[in-house]
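Chain IDs A, B, C and D follow the sequence of writing; residue 1 opens each chain.
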Amino acid sequence: MKIGRETTPKTAISTSDAHTIVVRGKNLCQDLIGQTSFTDYFLFLLTGKPADATRRCVVDATLVAIAEHGFVPSVQASRMTYAAAPDALQGAVAAGILGCGSVILGASETAGKLFDGIARQVDDGVPLDEVVVRVVGELHASRQSIPGYGHPLHKERDPRVEALFAVAREAGADMRYVEIAEAVEAAIFEVIGKPLKLNVSAAIPAVLLGVDFPIKALRGVPILARAAGLIAHLLEESERPCGFALSYQATQQLEYTGVVPAGFKS
Amino acid sequence: MKIGRETTPKTAISTSDAHTIVVRGKNLCQDLIGQTSFTDYFLFLLTGKPADATRRCVVDATLVAIAEHGFVPSVQASRMTYAAAPDALQGAVAAGILGCGSVILGASETAGKLFDGIARQVDDGVPLDEVVVRVVGELHASRQSIPGYGHPLHKERDPRVEALFAVAREAGADMRYVEIAEAVEAAIFEVIGKPLKLNVSAAIPAVLLGVDFPIKALRGVPILARAAGLIAHLLEESERPCGFALSYQATQQLEYTGVVPAGFKS
Amino acid sequence: MKIGRETTPKTAISTSDAHTIVVRGKNLCQDLIGQTSFTDYFLFLLTGKPADATRRCVVDATLVAIAEHGFVPSVQASRMTYAAAPDALQGAVAAGILGCGSVILGASETAGKLFDGIARQVDDGVPLDEVVVRVVGELHASRQSIPGYGHPLHKERDPRVEALFAVAREAGADMRYVEIAEAVEAAIFEVIGKPLKLNVSAAIPAVLLGVDFPIKALRGVPILARAAGLIAHLLEESERPCGFALSYQATQQLEYTGVVPAGFKS
Amino acid sequence: MKIGRETTPKTAISTSDAHTIVVRGKNLCQDLIGQTSFTDYFLFLLTGKPADATRRCVVDATLVAIAEHGFVPSVQASRMTYAAAPDALQGAVAAGILGCGSVILGASETAGKLFDGIARQVDDGVPLDEVVVRVVGELHASRQSIPGYGHPLHKERDPRVEALFAVAREAGADMRYVEIAEAVEAAIFEVIGKPLKLNVSAAIPAVLLGVDFPIKALRGVPILARAAGLIAHLLEESERPCGFALSYQATQQLEYTGVVPAGFKS
């Protein structure tokens, strides 16, 4: 079935013949394997351009920052899935990745778009202070949360935020979006009156946009990073299982609020 | 519901409080962010031990080798999924990862177990030549394919194989499993009479087992690597879509072999 | 980690002890197994109320209408995934379901919300003709497509539309949302000037909202229906494989638009 | 890339033109929508043959039996995924389905293959009593569990078992595989000495094989059924969220068994 106008698939990422695999214009086996780190290759796959030291530092730092934070919901979902289906590691990783959504890890993308929109308004000549107060005000008025601010555990600033900003600063990244992110943090307190501090999901786009990381691929950073964390958890699950123990504990306080048939005692 | 004996979940990977995130005994924000590459962190998450130069080289090489090979089935599945559900990048990545199964990318794990089994028999004193002939003979007799041998495009040896072996050799990795992998290749020709050459899915475990990569996490390498490749493809898909064009082309030669109702002309 | 305010899980769907499984207040084994069809049970699970003949007819008709339409992208993604990972049927079904997104099958939900919004404005006293012209005009002005209108193959009205409307009419369903859906179709032609006809993704919510189907579960209908279609495709794939043939055909016309290394001829 | 021999995709399930959608030889809009229940359509999609009353009863009963059993691990994984990614209902359903694996819901398939293998040996003239003792003995000797026997909650026979057997008996299904399933239950007690009773995952194939349900599609029954249950849970989650509460409770007793940096107090 023809859906949309285009019927001929095109790609600029890779081609190959029986002897050579070409990726972004390079010979994979001669120019890339053994010559480049995985992080550099990720950047090269995304953009077609070789990574420089600044981008590498910042991207490595974001991937390390977000790969692992204990038994968050997506890790639990993944370990429970592995416990039920241990033959299919890929299924348990997929189940964990499916939790990188708008509320939890995907907030990196939403925050990135927010910062990018603010930057464009500043480019058009509106002072930053004014823009952030208006933007935060509009989100608040329409009862939307500010993506990347506030954290259930780290009530003061998420410690990963300062670590990421320090890496970006030392690596010589453009700090413009960090400045925007901090202006938003100040505006939240001013407009809403709550001390919702920057969390890692705002810090990640703030530093990545400063090294020209593609905005549409921002959600890819937590997804890739979590894949690494999930694989470590699933290795642990295969050796010391706790997926079913998690599901058991989860329901210890469960309340059934429906009706029961005559004679049933829960 | 209590499933299994264990009811208390335990983990050695991570814990945290409001100020500190601990990963494998290190302070994430002080000791890891900005101090370690993503590849090293992946190894650290898996094993709890810092990576050395040999392991890093070999693991980077395998991740780079397997991340991308054009429009393979899992990339197509992922791009079609994104075209249909562009709001959920995580869903499209998950769909692609679900294709890392026993036949395609998951063969790394099966091949790794095969090599490990052979190594144990050699440890027990049986000569390598004997073991591989017997093992290949048994697989062939029970009509199973030899995981990691033969490739639809690379009829001679997959070019990634030599590239990976060269990296392992230069990095000073233990080449024992490479030797086993080559012995299996020779045995296939001897026993089955077909020139099924080593492909990347056998080369990956052959070099990884030589740097003590955990055997139960072998399938994690193609999964993690492909996550990076998929994110690059989905960025391209968001800019120059071809998911629907792929599905259109795929059915151009489709034959309907069922019956049709009276009056229907296809 | 405590995310959100609520820490005690609650549910009204099911509870159980060693002898009895309670679902929505009924004893599963005495009152439901053998007494109710799967469609009725689906409705009962969703709403806690027994299905009546009208709802059952309409829900069955929508499930039958959307379960299968040949090698659509999600079916292709699912069959390719199965070909690569045949040990994990659940993974291939999941890959197919992940294509029930905003563009393709999930349009049922978006269209349903559109119709519901229109109904509320009519309830507030605005004439239907006026509301639909304004709503379509606003969507068009902001360059959004009208969810559930136009079809790549069925340029005239998708034949499933009339079939579903006929079932709803004969079953005695409230036809209000069908009337709204047809008013939107007329408004599209009036405002945009294109004959974008109702397709199945608009017809499904139009009839379901007329039998009080929960609006937030609308996307569940194509998801559940497709699960059935996917299982049939995967049974066929296990017997007469074509997942890899699809991926081969899909790339027959593929154009590589990137650069190649010196000496590479594609 | 050409993988495998076949390059032309073929299907006997569906074809269509601009006016007609053909499914298994029928005109979808004239012959099926409004004429057939979803259960009958599922059977028709799978087999190409119309359902009769016996098959319909048995298949409906199995789908109803397995669709819902409270907060099992896959439901928890699905609700946590939805809480994190509420925009993508399909992702949360997929995450839940990924838990239909070899250990939990997929045991239906493994048990079905076991019963089928026993039936073939009986066909070859070996007495049933003898076959089951040998088969159970072999599984036990190789330390494999007997798929479909034993249940964490229902220590005596799972109440769904008798309910399903009663439906099959009354519907006039072939009870051969039920007899086999009960013989296996007796053999387990005899050989292993443990009273591991039939659970729903053995009862489902036992009744389905008695109505010629395709053995390779057995795992499809719990997958399809759970899709319905998951959609009901996700509707509840959208109205009264508890996904994050579940993940909070799950870790209340969590023990961190790794080391901590100097100065860290958990």
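As a convention for this text, a residue touches a chain if its C-beta (ideal position, glycine included) is under 8 Å from a C-beta of that chain, and two chains touch if they have at least 3 such contacts.
The structure displayed is predicted, hence computed values, not measured ones.
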item: Label of the chain whose CA centroid is most distant from the centroid of chain A; value: D
item: Homomeric contact chain A-chain C: same or different residue positions, threshold half; value: same
item: Contact-richer chain pair (by C-beta pairs counted) among C-D and B-C; value: C-D
item: Rounded Å distance, chain A centre to chain C centre (Cα mean); value: 28
item: Euclidean distance of C-alpha centroids - chain C vs chain D, Å; value: 23
item: Whole-Å gap separating chain B and chain C, where each centre is the average of the chain's CA atoms; value: 34
item: Of all residues in chain D, the ones touching two or more other chains; value: 1-4, 7-15, 17, 20, 70-73, 83, 85, 87-88, 90-91, 94-95, 98-101, 106, 153, 244, 246-247, 249-251, 253-254
item: Chain B-facing residues of chain D, complex; value: 1-4, 7-15, 17, 20, 22, 24-27, 31, 48, 70-73, 85, 87-88, 90-91, 94, 152-153, 250-251, 253-261, 264-266
item: Complex contact set, residues of chain B against chain C; value: 70-74, 76-78, 80-81, 83-88, 91-92, 94-95, 98-106, 243-244, 246-247, 249-254
item: Interfacial residue positions of chain A with respect to chain B in the complex; value: 1-4, 6-21, 23, 28-30, 32-34, 36-39, 41-42, 45-46, 57, 59-61, 63-65, 67-71, 83, 88-91, 93-95, 97-101, 106, 109, 153-156, 159-160, 162-164, 166-167, 170, 214, 216-217, 219-220, 223-225, 227-229, 231-236, 238-242, 244-249, 251
